[in-house]
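Presented sequentially are two complexes of chain A, the first with chain B as partner and the second with chain C.
Coming up: the complex of A and B.
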């Protein structure tokens, strides 16, 4: 499933990284611990988190993640958004909590 | 045989991961197996972040030949008094501000171990730490 489809179906905000809206989302990974994501997320995963700083994009890029979804209305810091644009990895947003949005994404990706 | 060096500034989180990103590009150009690239990137990122989070500064030395990739990080910093303890999952002395950013979960050294074929850490308290790891290319 493409990032654009999850944006539409989950009604997500697109903060940055529009060039990557056609990235393929293979699965999701929900965590706020950077080493956890570094060690265990897989390429193509959409990363659900409340972390809003630039290091998130460094990890997303190193791990070839498809997108980052910020929960609970959090917005990316300026340098996070800038790096998201450079890397073409979208930063998306939702007002929902990690549990809820993870559940919805999981349901969509199982179909 | 190829050799690369990078400098790492302690405390500067905005640049954390820069060397890992460079090495990833180099290994891609060299057509290294993507699975091996993934492991090396995880290990180097964690080692790089440890210099940023825990030391004053450090240098990274990378040697690539046809059989293996050897990476050595030499830092000047507080050193590690008990390396065995530091290796334990969940052990961290990271500050609360570093933890708030999502670093400091105590999973960095375990990640390096899991993503390298050989790991050697030596350290002298109040001098610095040397982390060396090797990844074999043909397995």
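Coming up: the complex of A and C.
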């Protein structure tokens, strides 16, 4: 499933990294510990988190993730958005909590 | 130039996890027993016990750097130190404004009290001090430096509440004055993993919550005297002052 489809179906905001909207989303990973994501997320995962530090993008790039979804209305810090544009990894946003949006994405990806 | 022995990360009775034995008098006594020249008072998100410790320490000829261990929004623990009470109090306002209004449950977390020289309770903090404040690590760094303070991410190699556990790696552009390692971490193997930190000043401290832990880990600092300005120079490796690598 492409990032654009997720944006549409989950009604997500697109903050940055539009170049990556055609990235393929293989699965999802929900965590706010960047060291955990670095160790355990897989390539193609959409990463659901509330962290808005620039390091998020470095790890998303290192792990070849498809997108980052910020929960609870969080917005990327300026340098995070800049790096998202540079890397072509979209930063998306939702007002929902991690539990809810993870459940919805899980349901979509299982079909 | 002299070499001073410093344990820069000590909690007091004010930290909920700090033992009730961690009174200013007990801290000073333990520090002297361990032959420390300098201690840092760093309670979780509060500076309110610093003054009494400084007063007690002064009588004994022990230097205290006063500050706090701040929990940033990312739940990264960072030490902050300030040169005088004016700056310290201004930083306290920043902490008060940004600490969320979550009440402490003394049964779960322990007491959060300030005591005087006679070990009488003079203040009880009602907000839970181990919450994360509403400011990011970059915002905390800016505020500490705006006040002329020193900013030192705490126990960066730990798997909990550290810069590396929370943010995956140490942001190369973060403006820290030093990094703190736990006593178990060997400096050279740490630097092998993070070669871009090879110029950083590295301190080690006990993170003591009980008197007997004070001085279990310490930093040796070469400088003229124990003034805050000398300490700041040592962290910058300026004018022959330095934190001795161990």
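We adopt the following convention: the second predicted complex is superposed on the first by the 111 of 111 C-alpha atoms of A that agree within 3 Å, B and C clash if a C-alpha of one lies under 4 Å from a C-alpha of the other, contacts with A are read in each partner's own complex, and residues count from 1 in each chain.
Keep this in mind: a residue touches a chain if its C-beta (ideal position, glycine included) is under 8 Å from a C-beta of that chain, and two chains touch if they have at least 3 such contacts.
These numbers come from a predicted model, not from an experiment.
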item	value
Partners on chain A (chain B, chain C) - clash or fit	clash
Partner chain(s) touched by A:103 [first = chain B, second = chain C, both, neither]	neither
Contacts of A:77 with chain B and chain C, given as first, second, both or neither	second
In the superposition, chain B vs chain C on chain A residues touched	B
First (chain B), second (chain C), both or neither touched by A:61	first
First (chain B), second (chain C), both or neither touched by A:35	both
Location of chain C clashes with chain B - one stretch out of 41-49, 59-67 or 185-193	185-193
Overlapping contact positions on chain A, where the chain C interface meets the chain B interface	33-35, 38, 51, 53-55, 58-59
Touching residues (chain side chain A, partner chain B) in the complex	32-36, 38-39, 43, 49, 51, 53-56, 58-59, 61-63, 79
Complex contact set, residues of chain A against chain C	33-35, 37-38, 51-55, 58-59, 77
Chain C residues within the chain A interface of the complex	74, 136-138, 159, 164-169, 171
List of chain B residues in touch with chain A within their complex	13-14, 16-17, 20-21, 24, 38, 41-42, 45-46, 49, 101-103, 105-108, 110-111, 114-115
